[in-house]
Amino acid sequence: MTELASPTQHPTGWSREFIGEITATEPVMGDSVLVTFTSPPQLAASCRAGQFVELLCRTPQSSDPLLRRPFSVYATNPARQELTILVRPFGRGSAWLVEQPVGAILDVLGPLGNTFTVAPKSKNLLMVAGGVGAAPLLMLANEAVAKGMNVTYLLGAMNAGGLLAPGHLPGEVEYIVATIDGSAGRQGFVTDLVSEYVQWADQVFACGPEPMFRSLRREVLANRFAAKPTVQMSVERTMACGVGACLGCMVETRRGMRTSCVEGPVFEMDELAW
Amino acid sequence: MVTEEQQSGEQWVPDFTVDLAPDNPRELVLRNPVIPASGCFGYGIEYSGIVDVQRLGAFVSKGITPAPRSGNPMPRITETPSGMLNAIGLQNPGIRGFIRKYPPIWESWRVPAIVNISAEAVEDYATMARMLDDVPGVAALEVNISCPNISAGGYCFGWDPVMSSEVTRAVREATTLPVIVKLSPGAVDVIEIAQAVEDAGADAVSLINTLVGMSIDTRARKPVLANNTGGLSGPAVKPVAVRMVYQVAQAVRIPVIGMGGISGLADALEFFMAGASAIQVGTAVFSEPGMLIRLIDDLGEWLRANRIASLSDIVGVANPRFHSTTVRHSEIVAEMVGQ
Amino acid sequence: MVTEEQQSGEQWVPDFTVDLAPDNPRELVLRNPVIPASGCFGYGIEYSGIVDVQRLGAFVSKGITPAPRSGNPMPRITETPSGMLNAIGLQNPGIRGFIRKYPPIWESWRVPAIVNISAEAVEDYATMARMLDDVPGVAALEVNISCPNISAGGYCFGWDPVMSSEVTRAVREATTLPVIVKLSPGAVDVIEIAQAVEDAGADAVSLINTLVGMSIDTRARKPVLANNTGGLSGPAVKPVAVRMVYQVAQAVRIPVIGMGGISGLADALEFFMAGASAIQVGTAVFSEPGMLIRLIDDLGEWLRANRIASLSDIVGVANPRFHSTTVRHSEIVAEMVGQ
Amino acid sequence: MTELASPTQHPTGWSREFIGEITATEPVMGDSVLVTFTSPPQLAASCRAGQFVELLCRTPQSSDPLLRRPFSVYATNPARQELTILVRPFGRGSAWLVEQPVGAILDVLGPLGNTFTVAPKSKNLLMVAGGVGAAPLLMLANEAVAKGMNVTYLLGAMNAGGLLAPGHLPGEVEYIVATIDGSAGRQGFVTDLVSEYVQWADQVFACGPEPMFRSLRREVLANRFAAKPTVQMSVERTMACGVGACLGCMVETRRGMRTSCVEGPVFEMDELAW
């Protein structure tokens, strides 16, 4: 199924645009779906938490919707040569994607972008996820647990149905949730939970909507009693190329405009222009 | 049409070679007619690992301006039906930074690099052309005239034959490099502009640049793009582009480079048959980067399957008045009475 | 924004009513702002059994010409990415045959019928307007100026402010009916044209008409349409249409009727927010005729859900300079510096 | 599933645009597919041979391909409230359509157009079909056999795989085939068979590509020994509206331009401008 999957090729060889076949779909978090598809082996093996893939979300007979959609990698399985993404049906592209059955063919570009960076001396990692922001942090949690680090994973959703079932996270992870309607965990925003963990954490990793980032930043900056942990955020921008060619996905940083597809999607909170 | 030599092998190799500046001693010979368009292929290095740039006919760089530009505020892009709007705002390191950074990389490449230049005053175009004239690694210039002319109150160069001609002449006089002038689809009469830039010394014309469009975010109740308007590109604009290429190919004798919504072989053939000697691919690079190389292969297959010896044999076949240059404007308008 | 009266019931009925000729004593009051566009709804009778014509805000007839026309040879239509090309060639029974046949049917209808007129000479527009002035069943005229002016060597009326103005003035003097002038997107500066026709007495402007495009049949190696070129319409052109409506709504005080690619609520809202007081639906009628009535219902739902009392409250909300009419052309061009 | 299927409505009431659900798909004639979908009962009951439906061939998330595609009705089943069409995967729309599974939702406009007209005094009907032109003539053959008429049905295809299996036709029909490669029936064009039947036939009905019509006309006009049968042809034009509103689908006749969607698709051969 993989178009250019010669195993002798460099991980960043000509194989970053490939054809994947859906091998599994699994409903999660209400109306979202985990979509697993085949990928060239070296890509599945080299992919790291924070990276994303860009998918064409249309049949070959159609030119609409035109642009690829980026999705964070949720899990990789190098042995089975598979990648998994978490898709929330939101607009035209994602609605199409969640309807694709096992066996459907996907046109994939990636993995793309930079990764979360865990400092070698970090022991305690706090992850703050909103909605499908859960995806890249789940992969990061898996990587960190494998290295023996302590992970607390905070997830927020509208209601209990919108949460990831605990079974999806490694058992070593402390998993704490918040829902707007209070139907599970703390009632309120996920960022309301942050103050309790921010002193404990050596590093904070976040993925979610823009308002969540703003609240998170307030919470972290409000912590005046200990060294503030560094915060890495995976930001979302509309993308076209995904490789730094179109300059459409810029993020304003203290050192100027940066491409979120190559120099991001992960940025240090302190680097971003707020 | 097929020579003995070509026929001798089991499969002949169709002749793809095209010179886009036949009247210029420095010439612009491409091994094949497939060129990624300006703004859609960065500086030729971004797609490494995805597209084998050395196999391309040529590539065009992002538009370069006299001074560095940080571009427009975000959002800069949005999707539209079978198309997209962009308002990048010509983010680029400026001509000096550009010359330091990219041509040295290209110097060892076998694929010709075409530099797209944009400015808001005639002298600035000329200055950039002069600076690029003998930079190793630069094969040709593409002059983007879809820019506002500051001294004409912001009126777009490319909408006016006199202003288009002035820019072209200034660039022509400042460099011996092949000069391609890139036409704007906003002109009321693209033929008039094409003839003006041909007369002013352009080696070739390329078209079309983007149409001006807007999308409104109905939730936020304001335009999606921070710049309000943006350039429309992609398959949506293809019929407009094919029509303009067809018209321009009737009216000039210099090579025409066609673009606008090309996403594969069938689209490319439309442009060749309308009269384009080469084609550029813009937006489709974003959706299907692998298509660039596939297009070169598919074109070869198609020529072989149709027993056509040379691509030039199909250039303009759908255009009975191709290169006739005697067409009157009124005839073309008369044809435009549609619905 | 919501009055006591509206709020009293469980669901208030949003105010949809719009007068498209507020300065004309004969006025053009529509119960809702949804209008099928000229050439896409025949003479209002073809969709019987599919669309409940009486529920529409109004409808526009196929373009009528002074003499009967049998139209262009076939093929006349072809599909393009998210769009279509048409070169019908204004097939119609001519003004006399038209007056005999259709207005008598419409006379008893409660939906206003707008007659679209096309001609190749100023006097012919005036003659048709005079003939239609007091025909029962005719509520207003829409003047299609995307036609070649025979006495100007075939140059399109709608591309030139003077010619556009002449046609408008001649029609204005020939009839007291509300006069809508339908603008061509081919003009280099649609604002200039809009202001010219406003000054010449138009009660409203509608836009956009089709863009000129071409498709090539790569098997037959010739243009698909027998007429070679055709008018491009459908979702593909929507961004161009929204941009032009936005610009024109800044520059005139008369009502603007927006169209170009509208296929549902989200698209219609874009046009209202850009500054359109009413909208027309063309190509989408072919693909989804039921959408016309659904759109009226969806619009009501949307206004209710957003607690907006009157459609007019959202007209132009995305357009800070809406109806300011002080915008200078250069500002608009400056905004158009895109990529 | 039917949006507006109130049985009290007139057959040409507001129900001519409806939502159908695919209830069966069956591969036939090589790569073609018989697609059966639900329809309002009065439409299934009122539909006659020669009429067609127009289908949207895209997902709701996409605006491309934009226009509906016309397909002749192959069979109706008023009892089950179903229509069947025969689809050959040719270009973008039909390729999409043949991929739709049972349960998929179709947006249908129709039935549209005129019908074949069998003269009350006709006894012997000759049908001449090329490729998917088989569809409207199959429905006509069924109608005619039910009325006790004699039907000879000629079908042409590239090869044996492209033919309709005899089981699809009523047993009373004389079914004769021709293939270009000679792999079934007579080798050659279907119109090569016509001369043998043209004297027998009271009426000829044809559906197929343009060149087939030209050959058929030659064959019929060449018959100088008996009264020429009248010939009705279902012609194909690119369509947009399907209801006579756009004037895009015209057929040139001796009495001027006619809409093929309302005044056709069936025309008398002698009426057409050749």
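Brief remarks follow.
Every chain is named by a letter (A, B, C and D) in the order it is written, and numbering of its residues begins at 1.
The definition used in the following text is that contacts are C-beta pairs under 8 Å (C-beta built on N, C-alpha and C of every residue); 3 or more make two chains touch, one makes a residue touch a chain.
Owing to the predicted nature of the structure, the values given are computational and were not obtained by experimental measurement.
Steps from chain A to chain D, minimised over paths through touching chains, total 1.
Chain C and chain D have Cα centroids separated by 37 Å. For this pair, chain A with chain C, the centres built from the Cα atoms lie 46 Å apart. Listed for chain C are residues 39, 80-83, 86, 88, 234-235, each touching two or more other chains.
Listed for chain A are residues 63-65, each touching two or more other chains. Because contacts link each chain to all the remaining chains, their graph is best described as complete. The touching residues of chain C, when paired with chain B in their complex, are 39, 63, 80-83, 85-90, 147-148, 153-156, 159, 186-188, 210-218, 221-223, 227-232, 234-240, 242-243, 246, 261, 266, 269-270, 273-274, 314, 317-318, 329-331, 333-339. Residues of chain A that touch chain B in their complex: 3, 10, 12-14, 16-17, 56, 63-68, 107, 109, 237-252, 256-257, 262. Listing the residues of chain C that touch chain A in their complex gives 81-82, 235. Interface residues of chain A facing chain C in the complex, by the touch rule stated above, are 63-64. Across the complex, chain A is touched by residues 39-42, 46-50, 52, 62, 70-71, 74-84, 86, 88, 91, 234-235, 263, 283, 285-290 of chain B.
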